[in-house]
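Next, two complexes with chain A in common: one pairs it with chain B, the other with chain C.
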Partner chain A sequence: MENVTCTFCGAVCDDLYFDGDEFRTKDFCPLGEAKFSRKKRIEYPTIDGKKVSYEEAVERAAEILHNSKRPLLFGWSSTVNEAIRLGVILAEKVRGIYDQCASVCHAPSVLAMIEEGIASGSLGQIKNRTDLAIFWGCNPVEAHPRHPTRYSVMARGLLTKGRADRKVVVVDVRKTVSALMASHFIQVKPGTDYLVFSAMRALMEGYEDAVPEEVGGVRKEKLIEFVEMIKSAKYITILFGLGIAHTRGHDRNVENVIKLVQLINRYTRCILQPMRGHFNVVGAGEVAAWECGFEWAVDFSRGYPRFAPSEFTGVEALLRKDCDAALIVASDPAAHFPRAAVEQLKRIPVIQIDPFPNMTTLLSKVVIPCAISGIEAEGTAYRMDGVPIRVKKVVESEYWSDEEILEKMLEKVLKLRED
Partner chain B sequence: MILVKNGHVIDPVNGINEEMDLFIKNGRISSEFKINEKECEVIDAKGKLVVAGAIDIHAHIAARKINSGRAMRPEEFRRVRQKTGKFRAAVGRTLLTAPAIGYEYVKMGYTTAIEPATPSLYTLHTHEELDSIPIIDKAALPLFGNWHLVFKFIAENDIEKLASFISWVLEKMKGYGVKVVNPGGVEAWMYGSNAHSIDDLVPYYDVSVRDIITGLIKANEMLDLPHSIHIHCNNLGEPGNYETTVDTMKLANGIRNNRRQVLHVTHVQFNAFSGSGWKDMGSGTEEIIKLVNKSDNITIDMGQVIFGHATTMTADGPFQFDLHKLLKNKWINLDVELETGTGVVPLIYRPSSPVHSVMWAIALELGLLVNPDKNVISTDYPNGGPFDRYPYIMTLLLSRKYREKEMERAHKYLQRAANLPSIDIERTLEDIVKMTRSSPARILGMHNKGHLGEGADADVVVYDINPAEFNPDKYREIEKALSSALFTIKGGTVVVKNGKIAGDIWGRTMWVDATLRTTAEIIEPDLEEYFNYYTVNRENYGVEERWMRRAERIEVG
Partner chain C sequence: MNVIIITGRTTEQGTLVEDKLTHDYFKSVNYCELNKEDFARMGLKEGDRVRVKTDYGEVVLFARKNVIDETHIPEGMIFIPMGPYANQVINPGTDGTGTPQYKGVKGIIEKTDENVIGIPEILR
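This part shows the complex of A and B:
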C-alpha cells in the first residue's frame, strides 16, 4: 500500500510503502522499519497471568478503575487521538489523574510555552522558506532520520529550492552525526545554553560590551558572526531537542530561546520547533487541552480538572503514593520511571493496554493486548508541528484497537457508576 | 413530540410577534394542528418569550488556534462551571473546554455556532474539536486569503479555476464557506511585513489585495455558495483603519445575489477606528454605517469588546505580532505552509483604558445604528471577550439606561471620541431576535434555522421575558433571563431546563459540496505542482466524512 503513515517518531512520514501481507517496507528509515516489522506480541488478554477473554479483561479493568480512589491513567503518546480522547473522559469519570509521556520528556518546553508562548510554524515553512536552519541540542539524523530529507536540510521547496539555498547550523555539546550535514558547527559547553542565548540576545540588540570574550565555550567573534548570519537571513527556523529542555536550566533554557526568537522577529522572520519524540505525543497534549483545558498532569479527584506539574504527573503521583491503581496505555513506565515510582507501581493493581510486551507487562495485573496503531488500527495523529495526519489500517487483525478497548471500558465504568 | 403552549413567539421571518402554540415533531417545527396533548411533552410558556435557537456567526470555538491558546493559558481553566456527573465537567473563564462550549451556548439559547477560520492543513484537527463540542450544530470556514494557489489563480485572472479550487477545498476539508483574513498581509508577514491598503501587492505573485478580494467574491458568486465570502479586513486594530474597511466594502459594488449579501465583513468594531495614532484614536463608524445601510449586498457582525479578560486569536499573523510588541504579553505564532498564518496573544480590556472604552462604544454604535437585518451580535470570541456575555450585549442594545450605567465605568475619553453618548435608540426584542437568529441564518444561507416556520429545525428557546410587559429599564432582569433559558430545545430534544443542562446530544457539522458546479480537472496541474511543496502527501490531505461524528453534506448546484 502506498502513502502509508509511519507511527514511530514525531516526523510522522506519510509517504511510505508498506506491504502488509509480507511485511515489506520501502523508504522507511531504520527506526520506522523496526516498528513495521513482525515482532513478538502480547498474545491474549490476561488477568494475573491467566488467559481471559477481552470482555473479561475489560470488565475487570473497569472494576479496578471504578473501585480505585484515584487511579493514574498514563501513557498515550503512541496511540491515536480517538483513544486519547476516551482516556481523558475515562480519567474524568473515575476521578483519576491523566498524564502522558510529555511529562517525562518535553514538559519543560511546554512550561516555557506557558510563560512566553512560542513563535512556530508547520514543517513546510522550513522546506519552502527557510534559508537558515539551526539545530540546537538535537540530533535528527539519529532521532528523526527522515526529518532532514523530508522537511529541513535537503528538502526542496517553493522559495528555498534545496540544500544549496539553505545554510544549516548545528549547535551541540559534541559533534554528533547531525553536525556532519551542517555548514557550521558551534560547540557549546554542557549546561551553558542559557548563557549563549542571553549573549545572542544582547548582541542582537547591540549590547556588544555586555558580552564577555567567551560564552559557554564559544568565542565572542563567533557569536557575533552567528548573530549577523541570523540577521541577514530571510526566514530562520530553530529546531531544538532535549539537549536544551533536559539540561541545566530546563524550561528556563527554552524560555530564553523563545525570547531570542521573539527578538529575531523584530529584524527578520524566525520560528522555533521542538523536535517531539513519539509519533503522537503532540496529540496526547492537544486532545487533553480541548477536553479538559490542560495538556498533562491533570487531576480529576474533585470532579473537575486541575493542573499541577509538580504534583499530578505520573512520577510525582506515584512517589507520593497518591494513586491506588493505574492504567498504562502505549507506554513503558516500568522501564523509564525512577525506581521508587516503579516500586509503587508494583504495589498497586496495574492495567496495561499495549500491542507489545515490555517491562510494564511484568508488573501488570490485567494485560490487554491491542492492535498496532498505524498498522492494524486507524486514527488521527499529530506530527511534531501539530499537523493532523491519518494513520492507517493496512493489516487485518483479531486484536481490538485501543479505541474499542477504551470505549468498552468507559461504558462499563459508567454502568458501574449508575448502579 | 413537544408542544410549547401559549408562548409569546417572535419570529420576524414569518412576521410573527404574538401568543401562539408551537408543535415539534421529528426534530422539526410542524404545522399540524390536531394535536393529542397526551402524547406530547407540554411546556407551558404563557407570558414567556419563545424564539428560534440563536446562531453565532463567528466564534473561534475549535481548531489549532484556540487549542494553542488553551495550552499557553492554564490560568484560564480555574473557573469551574460544572462538575462531572451525568454530564461532562466544564471549565474555563474566557477560553472554555469543548464540553463547556456546547453547554454554555445552549444555556443562553444558542444552538448553532460557526468556527470562522480553519487553516486547511490543520482542518482535521478542527473537526476533531468540533466533534467534541456537545449539542450544538456547527460548521467551519477554511481560510483562503493568503493561499498561494489563490494568488496564482488571481495572478492568472482565472476566476473559473479559483471557483474550482474553492469547491475542491470545501469538499476536501468539509468546509462551509470562504474565509478571508488580512488578504495578502499574512503572506507579507512571511517576509516580516504586512499589507496596509487594498492596493498593496503580495510579494512573489504581484497580485493586489484588491484583486484577491474581488476575485474571491466573484468565484464565490460563480459557485453561488450558501454563504458569501467572510472577510476580516486589512489593518485590523490600527487607528484610521475605517478607511480600509470602507474601501473593502466598496469592492462589492455591482456584484449581486438575490438571496443574500456578497460580502460579509466580520467583527467590524476592530476595523472601525478613526484617528492617526493611539492619541487621537476614535470611532470611525459613521461612514461604515451609512454604507452598510444603503447597500443591499453587504452585511456585518459587531465584534463587541467586553471589559475583562480575553484572548486574541486570529489568522492575522502580523497583527498578532504587533499586539505582542504593544502589550509585551506572551505570543503564539503559527505560520502554515502555503496557506496562512496564525497568532494568539492574551489581553485584558480595561474600562480605565481610553482605547478599550472607545472600542466598547464603537461596537455598540454599530449594534444600534446598522439595520438589524444586516447585522449580527458577536464578540469574535474569544478576541473581544467570552461568548457567554452575549446577553450583556443584547441588554445594552435594549436598554439605554444600562448603557448609561456602563458608560460611567468607562473612560471619559469615550465621551469625546465616540458617538455612543448621543445615541438614544433602544433596540426592540424583535431587533435582537433578528441580530441573533434571522440575520445570521440568512447571511449563512441556513434556511432551516433562524425562524420557526413549518419544517424549520426544532431549535427553540423559551426565555423568562414577557414581551407584553417588557420594560428596558429592568436591565438586570433582562440580562439574567437571556443568560439562562427556561428551556432550550435542540433538534426536538430538551437540552436545557431552568438554565441547567438537561440533555446531552450530538449536533451536526454542516459542509458545502459544490463539486457538481465545477470540474477539478482544470486545476489538476496546479494541484500536482503545489503538492510538491506541501509536507503532507496529497492523498493524505483532507478530511473524510466517515471520520466525523455527524457530518451533514449540503449540496449546491
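This part shows the complex of A and C:
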C-alpha cells in the first residue's frame, strides 16, 4: 500500500510504502522499519497470568478502576485520538488522574508555552522557508531520522532549495551523530543552556559588555558570531529536545529560549519546534485539552478537572503514593519511570493495554492485548507540529483496538456506577 | 571518578522499544558510554563493568568508549541510553514540573567485577 503513515515518532511520515502481506517496507527509517516488522505479541488477555476472554479481562479492569479511590490512567501517546478521548472520559468517571507520556518527556516545554506562548509554524514551513536550522539539545539522526531529510536539513522546499541553501547549527553537551550533519557545532556545558540563552538575548540587544568572556563553556566571540548568523538569516527554526527540558531548570530553560525567539522576531523571522517523541504524544495532550481544558496531570478526584504537574503527573502521584490502581495504555512506565516511582507501581493493581509484552506487563494484574494503532487499527494522530494526520489500518487482526477495549471498559464502569 | 550523567535515545534502543523482553533490548540499554581518555584512565577494556552511583540509586553497567570516532563525549561525562538501567540512577525529583531530571545528574563511577543484572531482576 502506498502513502502509509508511520506510527513511531512525532514526525508521523505519511509517504511510505508497506506490503502488509509480506511485511515489506520501503523508504522507512530504521525506527519505522522496526515498528512495521513482525514482533512477539501479547497473545491473549490474562488476569494474574491466567488466560481469560476479552470480556472477562475488561470486566475485571472496570471493577478495579471502579473500586479504586484514585486510579492513575497513564500512557496514551502511542494510540489514536479516538482512544485517548475515551481515556479522558474514563478518568473523569472513575475520579482518577489522567496523565500522559509528555510528563516524562516534553511537558516542561508545554508548561513554558503555557506561560509564554510560542512562535510556531508547520513542518511544511520549515521545509519551504528555513535557511538557518538550529538543533538545540536534540539528536534527530537517532530519534527522528527522516526529519532532516524530509523537512529541516536536506529537504528541497519552495524558497529554500536544499542543503546548500541552509545553514545548520547543532548545540549540545556532547557531539552526537546529528552534529556530523551540521555546518557549525557548539558544545555547551551540561545544565548551562539557560545561561547561554540569556547571553544571546543580551547580545541580540547590543549589551555586549554584560556578557562575560565565556558562558556555558562557549567563548564570547563564538556567541557573537552565532547571534550575527541568526540576525542575518531570513527564517530561523530552533528545533529543541530534552537536552533543554530534562535538565535542571526544566520549563525555565524553555521559557528562556522562547524569550530569545521573541527577541529574534524583532529582527527577522524565527519559529520554535519541540522535537516531540511518540507519534501521538501531541494528541495525548490536545485531546485532553478539548475534553477537560488541560493537557496532562489532570486530577478528577473532586468530580471536576484540576491541573497540577507538581502533584498529578504519573511520577509525582506514584512518588506520593497518591494512587491506588493504574491503567496503563500504550506505554511502559516500568521501563521509563524513575526507580522510586516503579516501586509504588509494583504495590498497586495495574491494568495494561498494549500490543507488546514489556516491563509493565511483568507487574500487571490484568493484561489486555490490543491491535497496533496505525497498522491494525485506524484513527487520527497529531504530528509534532499539531497537524492532524489519519493513520491507516493496513493489516487485518483479531485483536480488539484500544478504542473498542476502552469503549467496553467505560460501559462496564458506568454500569457499576449505576448499580 | 566523579561524572555528570546524561541519558537519551539511541537508534538501537529505539528499534527495540517494542521488543522489551528480549536479550537484544537488554544489550541496547545496559551500558554507559565514556570519553576515551576517561575509559583509559580507569583502566577499562571492552566488556568491563562499572558501578554508577548517585544520590538516588546505583546500577552496574557495561562500559563502552565513544562508539563512533567522529562523535565526542566530554571528559567527566557518561551517557546511558534511556531505559530501566538509566532510571536506577536518575533524579526522580521534578522541581514542581512533574518531570524527573533525566539529564545532568551528578554521580560516581568505579570499576567492578559484579555482573550486570537482567531486566526481570531490576523489577524485583
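Methods note: the second predicted complex is superposed on the first by the 419 of 419 C-alpha atoms of A that agree within 3 Å, B and C clash if a C-alpha of one lies under 4 Å from a C-alpha of the other, contacts with A are read in each partner's own complex, and residues count from 1 in each chain.
Heads up, the rule we're going with is that contacts are C-beta pairs under 8 Å (C-beta built on N, C-alpha and C of every residue); 3 or more make two chains touch, one makes a residue touch a chain.
None of the values given here were measured: they were computed from a predicted structure.
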{"item": "Touched partner set for A:Pro357, first chain B, second chain C, both or neither", "value": "second"}
{"item": "Which of chain B and chain C A:Thr160 touches, first, second, both or neither", "value": "neither"}
{"item": "First (chain B), second (chain C), both or neither touched by A:Ala341", "value": "second"}
{"item": "Of all residues in chain B, those that touch chain A in their complex", "value": "62, 64, 66-67, 70-74, 76-77, 80, 82-85, 88-89, 91-92, 95, 97-99, 121-122, 124-125, 128-129, 132, 148, 189-192, 204, 321, 324-325, 330-338, 344-345, 532-537, 539-540, 547"}
{"item": "Footprint of chain C on chain A - complex, ascending", "value": "8, 30-31, 33-35, 39-40, 103-105, 107-108, 111, 139, 141-143, 145, 173-177, 179-180, 187, 190-191, 242-243, 245-248, 250-251, 277, 296-297, 309-310, 312-313, 315-316, 319, 332, 334-342, 346, 355-359, 361-363"}
{"item": "Chain B-touching residues of chain A, taken from the complex the two chains share", "value": "2-3, 5, 14-15, 81, 85, 89, 92-93, 95, 110, 113-125, 127-129, 150-151, 155-159, 234-235, 262, 265-269, 271, 285-287, 289-295, 300, 302-305, 307, 380, 382, 386-390"}
{"item": "Parts of chain C lying in touch with chain A, wherever the complex brings them together", "value": "4, 6-11, 14-22, 56-57, 68, 70-74, 77, 79, 82-84, 87-88, 90-92, 94-104, 119-120, 122-123"}
